[in-house]
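One chain, chain A, links the two complexes that follow: it is found with chain B in the first and with chain C in the second.
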Partner chain A sequence: MSQSDERNTADLMTIDGIGRRRVLRSLAVSGASALAAPALMIKPAQAAGRPIKIGFVSPQTGPIAAFGEADTFILDGVRKALGKGIVVAGTEHPVQIIYKDSQSNPNRAAEVAAQLINNDKVDIMLASSTSDTVNPVADQCELAGVPCVTSDDPWQAYFFGRKGDPKKGFDWTYHFFWGFENIAEVFSNMWNSLPSNKSLGLLFSNDPDGIAANEQLPGVFAKMGFTVTTAGLYTATTDDFSAQIAQFKKANVEIVMGIFTPPAFATFWTQCGQQGFRPKLVTPAKAVLFPSAVAALGPRGVNLTTEVWWSPHHPFKSGLTGQTAQQFCDEYTRVTKRQWTQPLGFKHATLEVAIDVLKRAKKLEAAAIRDAIAETNYNSLVGPIQWKTGPVRNVCLTPLVGGQWRKGKSFPYDLDIVNSQSAPSIKPDSVIQPIIYT
Partner chain B sequence: MSRLPEPTGSTGLPEQTHSAGSRTRSDQHESATSSDRGDQGDSPTLRPMSYRVARSTRSSRLFSAALGVLLITLISLPWWADNGPMRLIAEMAYFLALAQLWNLLAGYAGLVSVGQQAFVGLGGYTLFALTDWYGVHPLWALALAGLMAALVSVPVALAVFRLRGAYFAVGTWVVAEIFQLFVAQVPRLGGGSGYSLTPAIVRSIAADRGTRDQVLYWIALALAVAVTAAVYAVLRSRHGLALTAIRDSERASRSLGVDTWRTKLFIYVVTAGCTGVIGAFIFLLKLRISPASGFDVNDWTVVVIFMVVIGGIGTMEGPIVGMLLYFGLREWLADYGSWYLILLGAVAVVVMLRAQRGLWGWVESRFGLSLFPIRRQLVILPGTGQGESRE
Partner chain C sequence: MNVMTILIQGTLLGGLYALFAIGLSLTFGIMRVVNIAHGDLITLAAFAALVVTDTLAISPFVALGVVVPLFFALGYLLQRGLLNRTLGDSILPPLLVTFGLSVIIQNVLLEVFGANIRRLPVGNLETASLQLPAGIAIGVFPLIVFAAALICLGALQYLLYRTRLGRAFRATSDDPETAELMGIDNRHLYALAMGIALAFTALAGVLFAIRTTFDPASGPIRLIFAFEAVIIGGLGSLWGTLLGGVVLGIAQSIGAAISLEWQILAGHIAFMIILVLKPDGLFPRTQD
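Up next is the complex of A and B:
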């Protein structure tokens, strides 16, 4: 400060040519302003602080790319809503969202997460869609001490799949989605709302999901009063289900539930038709989430039932853009000419929850952001998010309801909500119907 | 993989070209000195020139110096640079090590294995099991994982060595698939859904993140340097000669007294052991392993084959060039989604059509460069003949 101040003082003296006291006072003023200058440079009223960085990992290519197909649209929307930035602890900061493709590969997901942590030094990490993306990213964050919010992966797979201890939980990583217990509840509610002989046929794939389901679900459904016929595990690439179909026919099965990939289900369902097996309800978990998968079945896609985690009819609004679920989906269809899909809501919600967290953070540093996550109480596009009452410390449950595919109006198929006993705030669109055979 | 004994072979193996070339040259000497090739220089009656056998060339000596400087720069990186690029360099380092090993297997020993992911996954799972179940320190577990992979590779070799060529390739892949299916059935290893390393285990390397990142970075560098040096040493040794002989013609080398079976077994087991250490290290960085990620044929074998084949199979420089090319493309294009994969494929197609011996093979034939001199060459001492004969 000394040199420039001296010059200032000298200038004042020559210009004003006044007494010693005045000079001293001006010296003091200029000294004070010199001291204050750096502070003013940071905060002229409410100018920009350093950019906040959000890392976002999602499968954009690879076998599960369908989950990430809306990512560009969602990022554009969030960036537009953020405008110049957000205010954190009294300072406005621009927000930078760094998006990385996991290529549907857990090895790649871990690598891009490490890159976001080490190179980009993100303030908060986000990831969504299946254990293969969510778990490796969360693991990297937990070790590096980076706050992390994830979604779109059944919570047991997220929590126990990462060796979580329900007593301790995780320090840095938080998740919101539903769990396998919700699946059992929603499916049985749907089946019970239609008169049937309650004879249930179960068929699972010989892969992680199928094995887990095979251990849990038959017992749960038997306890709920269904007569359960388990056709065992089938190999994912099989092209012959006649033995299982025969077994179901023999047991007079009226309801079929299974875990299928879309191609495996297409094979199974075609063979059911060929062999004259006509159950009243078929609920293939995982297989008919996307309208494209149903359209591939042709007219036989009508009245298949599935789990619904989000739809345009959910009575929720984005806290960031103010759009309702319906408005959000309409906008998506207008921009991309495509039909809405379930991951849409969760991708947007993951981002808006992160923004809410950042806005509430007391400081722009990892621990403060993490504390803000734990304190979350937010109404998102997929429902209320808070981590105080979850099944374990780091998990927040979102509502799950039952849906049925119907002949569509502007697209080949529409998904109607037909049962929401488990989440009464969501209103059903229509009443469940048995599959119609001609 | 039968290799045709044509002199300038379409198999594109430099040793062949070279031996063909040097034979012509020594033929010339023969005509000049009319002596037998074997005892050409020592013939008491004819002493027109003396020679020595050398391996280093001027370019290789320059390269060694440059390599030394690069290595010192890389080792000292944590002290003067941001820790950002460390993770990427570590990844490049372990891929280089994998590529050198696969090159040794396929490019020199003629063992075209498509199942090296078996040992990557085995190493990874061994590390997870040892540290999690028995509380072994992760760095010790790295070494033990290598030992485990080497031990397992012996019975595997006994089985797959009964197969030849394409059948061998498929056989090794089948072995890797069997490993994957086996691990998926073990609930203690996380079954089909996978297994995460608890943060406490990784923190036992160093509690503070900065130090831990540095230690892991140096391990990655050490792995790459050690593997490259080991491969180089093997190739310059007696085994190296045997290997090149086997690569060119297994039957012929056997008739010359090379114990082909034992040499191949030696290479297979050493490669498996090193791959196991690298696999354990990879998953110590990734923190999570699942049957699909540990035994991923794309990540641990196809990418590695891409590096070696595009860079130049059967040369030590090839894997380095291929590795740099792969990472360059990935860093530059990975954010373009599907376009990245399409371009990667396009590069592979173009290189295979235009430079069948890989990029380094092209450089070598064009400029006669050799940075890791493996072959011996005849240097005619000055004053005794036409001067230094260059390769």
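Up next is the complex of A and C:
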């Protein structure tokens, strides 16, 4: 191909990229209206008010689609629980949840958020799953003055990733999840419960989560008494980790922690085997959250450790449906034939918190709804939610514990909670074990 | 991390990139078509192999016996039924159609298989390695991938330069009109070329799916390295494609040894430098 041809290719790809987005957008819109149709068909009750609109942005397609996999199940459950509607300030209103796919793309997330704000005129906006979804949506809401509740993104990535000032905070946007300080605490608790030389190797992905972790975690772990070897930030498309593995071997690393995308971790972990690097514990945050990601590793997934933000064994109940975490997961497996995943609880909780907020709002207008968010004191499926005692004004912390993957009973792998020193109300399932090499 | 390790790991990585690039190199060399769906076809092959290994309970290597012929047929039909209709004076229609194909493949895979991450298991072979002196370890599987790239390129070289079919391919590549006057059916020939290209793509997809995990969205990332390998090596040149892959792999290894942030960037920089110094690549076969 000559140079001019290549230029044509590049131009074309841009033009075509837009075309593709346009097609998908119209598909997504028609999909969303089809989903919303049942809510519209409900006949208004006596003295019924206007429909309340909830916008919900989540990644249903694209690289992080696993986070949005349960969305249909969750929306169905919430719609059923809502029935005819909810009572706000003495009037019954039907509720319409308008769901939009972020396509795992921050630009797309911002775009659909803007549509929800300007075209659909939503009363409250929800979003969850990673900075790429949560941050652009929250930014749009902050600009437009729309109340917004988000979850499932470490709070530093949410707050500082959006250039938040801890003194001022944000006016319209609120978030619940844990932060890097919780990760550091939980991981070190896990590692300290096994004898080791405390030599720790760190490796992070070059994305907002990894960059934030790279700034904070090495120093924190060093203070906790670990000898830290930081291998740096890798690009998501990396196919080779041999340089970093050599570095870890040289430093006699026994514990590896990193922020990984699942394919990058699979490459890394396979190469560890090839290079004869055998750490006692490997805790790849983000990479082994999903049972499918662990199953993809084959037998080498046993005893990998991970952060656990939610599990069927968490002693919490949905305030909306009354289901316990265990009942909720059982129902999910019954309906979808799939194993539970951690985002399940948070997706549901985001919706139920919004509904609690709306019920308490003094009026059906933005400022009143925002004030109701700030006043929240609610027991959700993922634990108590309130924004009075968080690290910053707009953040509520939820409990985090440590888990380890074991050979499963009805699915290839089960996640056992092995350390809950940081949240004693959650009971451990078993005791942490080192990785076994044959 | 000594120089030896950098070169060995970089070369092995280059074999992977070359394997990704063979199909792309072939379709461009013969039909002047840049197949934007190439990365997604690699993923599609991985999923096809997954279905075969799951239903027949056989090793992924045995599954190649099913997936490779299947992809040959798919390639033939794809070219004959769809892509041939887009060929003409302009390079744009085939680009647009393959771009659309890329979107379709990703979304169909997502619809059928869900977003879950998959991998083709091959047991201990995944982590087996050879120990060399001076503490250098070479993974057996990366070695297999490199050998596969060499064998594929050798086989293709033989096909193109030692057989009647190869002569027809080259004739059509050089001058389609005259080739047609000599009694070559270009439509059939193009379809055969795409079939062969997809057979190699299927092999690349299966080996890729053993090497690391994949999901419906894994394809596009694979496309960029394949492109770079083809362009560094010189469009249409087979051994140039291997060299292009190796240059890319070694550049990335050197980058990684300096600082992890430089790993992928170093590959792109090597690509840029070669584009500036030799816009036609290292071994340009075609001068158009």
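A few points about this structure:
To be clear about the criterion, the second predicted complex is superposed on the first by the 384 of 438 C-alpha atoms of A that agree within 3 Å, B and C clash if a C-alpha of one lies under 4 Å from a C-alpha of the other, contacts with A are read in each partner's own complex, and residues count from 1 in each chain.
In this text, a residue touches a chain if its C-beta (ideal position, glycine included) is under 8 Å from a C-beta of that chain, and two chains touch if they have at least 3 such contacts.
Here the structure is a predicted model, which means the values were calculated and not measured.
In the superposed pair of complexes, A:V253 makes contact with neither chain B nor chain C. In the superposed pair of complexes, A:I355 makes contact with neither chain B nor chain C. Looking at the shared chain after the overlay, A:T61 reaches both chain B and chain C. In the superposition on chain A, A:S104 contacts chain C only, with no contact to chain B.
In the superposition on chain A, A:Q115 makes contact with chain B only, not with chain C. Contacts of A:A325 after superposition: neither chain B nor chain C is touched.
Ranked by how many residues of chain A each touches, chain B and chain C are led by C.
In the superposition on chain A, A:Q274 makes contact with chain C only, not with chain B. Counting contacts by the rule stated earlier, residues 61 of chain A appear in both its interface with chain B and its interface with chain C.
Of all the residues in chain C, the ones that touch chain A in their complex are 1, 5-6, 9-10, 13, 16, 28, 32, 34, 36, 91-92, 95-96, 99, 103, 107, 110, 114-119, 121, 123, 126-129, 131, 137-142, 211-218, 221, 224-225, 231, 235, 249, 252-253, 256-257, 259-261, 263-265, 279, 288.
On the side of chain B, the complex with chain A involves touching residues 83-88, 91, 184, 190-199, 202-203, 209, 213, 285-288, 290, 292-293, 296, 298-299, 334-335, 337-338, 340-341.
Within the complex, the chain A residues that touch chain B are 60-61, 99-101, 105-108, 110-111, 114-115, 118-119, 121, 131-132, 135-136, 139-140, 142-145, 157, 161-163, 207-208, 211-212. For chain A in complex with chain C, the residues that touch the partner chain are 1-3, 5, 8-9, 12-13, 16, 20, 23-24, 61-63, 65-66, 68-69, 104, 203, 206, 231-240, 242-244, 246-247, 262-263, 266-267, 270-276, 290, 292-293, 296-298, 300.
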